[in-house]
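The letters A, B, C, D and E name the chains in turn, as written, and every chain counts its residues from 1.
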Amino acid sequence: MLIGKVVGSVVSTRKDEKLENLKLLVVQVHSHANEPKDAYVVAVDSVQAGLGDMVLYATGSSARQTTLTDAKPCDAVIMAVIDSWDLGGENVYEKWA
Amino acid sequence: MLIGKVVGSVVSTRKDEKLENLKLLVVQVHSHANEPKDAYVVAVDSVQAGLGDMVLYATGSSARQTTLTDAKPCDAVIMAVIDSWDLGGENVYEKWA
Amino acid sequence: MLIGKVVGSVVSTRKDEKLENLKLLVVQVHSHANEPKDAYVVAVDSVQAGLGDMVLYATGSSARQTTLTDAKPCDAVIMAVIDSWDLGGENVYEKWA
Amino acid sequence: MLIGKVVGSVVSTRKDEKLENLKLLVVQVHSHANEPKDAYVVAVDSVQAGLGDMVLYATGSSARQTTLTDAKPCDAVIMAVIDSWDLGGENVYEKWA
Amino acid sequence: MLIGKVVGSVVSTRKDEKLENLKLLVVQVHSHANEPKDAYVVAVDSVQAGLGDMVLYATGSSARQTTLTDAKPCDAVIMAVIDSWDLGGENVYEKWA
């Protein structure tokens, strides 16, 4: 998994029928030091993440292991909203700070 | 998934029999700010995308989860034509603008 | 899938038994504008491609979806020889030109 | 697999239910010469790794082949704590040195 | 698959039980022109490769298609020792030269 920030959303009407009712969010990848990187992914939201939330996303076949994404043409899923993380014992990010 | 623009198509006569009647499109990868990147993919079209359309594509085993691509030697599929997307509340792309 | 050019072949005697009788070709990756890139893959040939042919190859589990590669430890397969492709309506490559 | 160092951990309350009770560690990727690289992954810990341990992690569908991660939306798992490794007969890393 | 050179090995006592008795080798990735690249992988050896051997390795789910690696948390396997390869009809590498 990688850490990312929810920065937007995508709207699509003409899509594979299995994708109906799935929320597609734009996630900007962050480094483990919490710096934004020049990379993004569009991921299905399985945890009701909101704009600005720091999240974990999984890719590949693992992205189809949630109830919401099972057997769907989806290669990225947000499966956790991050509360906090630390590096070497130092807090790097704290959602409720 | 990543965002891309349909920029061309590929013709092949000698190919695996499972690929008969599949449309193969050249998709240029775009950043989430809608800038073209130096990367592309050739993807099976499952949503009748047209030249110039902004699309979402899925890769890996997830590319075989559409009815059209099931069990086929295909590692990329266009599974949505994008209507619009936004970043931080600002519209970045609008198909019908 | 990506576009590549067949530039060589690999010979191996000591290999997994499932790989017996598979032709292993060296494919140089090309850009969609048909420029050679600094990247390659060794792929199983499922379409009798020849030296110099422009081909499409699939990677990952999708590379095991041909009759030839089913259930084999192979992560790249050539599944199409390209006749031609175009970008923005302009022909980029034509096999029989 | 790649070699990495456990440098931190991630806490998440709102997550896919299948992820309950899994420890999520931040792993910094190292080169085979044991230099830290500018890359990381958040991986499920299946071997009770500790802060500072050098570990091996597997990604993709292979990350779901441990008892702990089976069928879960997890694309990276720590499946070994490294005792030592060598390059060209020279010891590069020794846990108990 | 990619071409690599066996440059070392990894020792681990605390690991997933499915990995018992598997040899873990450090493989440095080479270009198709046989130049070492700044990339490596730790792969399970399924063909009794030795230090200095040029090999082919497969990654992802394809790495679990050998008898040795079936259903194991392993994302890279050496499935062939290379005898020779050529580019454009010119020999690049010859094991027995």
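The criterion applied here is as follows: a residue touches a chain if its C-beta (ideal position, glycine included) is under 8 Å from a C-beta of that chain, and two chains touch if they have at least 3 such contacts.
Given the structure is predicted, the values throughout are model-derived calculations rather than measurements.
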Smallest count of steps, each to a touching chain, taking subunit A to subunit D: 1
Cα-centroid distance, subunit C relative to subunit D, in whole angstrom: 33
Interchain centroid distance [CA atoms averaged], subunit B/subunit C, Å: 20
Interface hub residues of subunit D, defined as touching at least two other chains: 60-61, 63
Successive chains around the closed ring, taking subunit A as origin and subunit D next: A, D, E, C, B
Subunit B - residues contacting subunit C, complex: 7-16, 18-19, 24, 26, 28, 38, 40-43, 51, 60-61, 63-64, 71-76
Residue ranges of subunit E in contact with subunit C within the complex: 1-3, 31-32, 46-48, 56, 58-63, 65-66, 69, 77, 79-89, 92
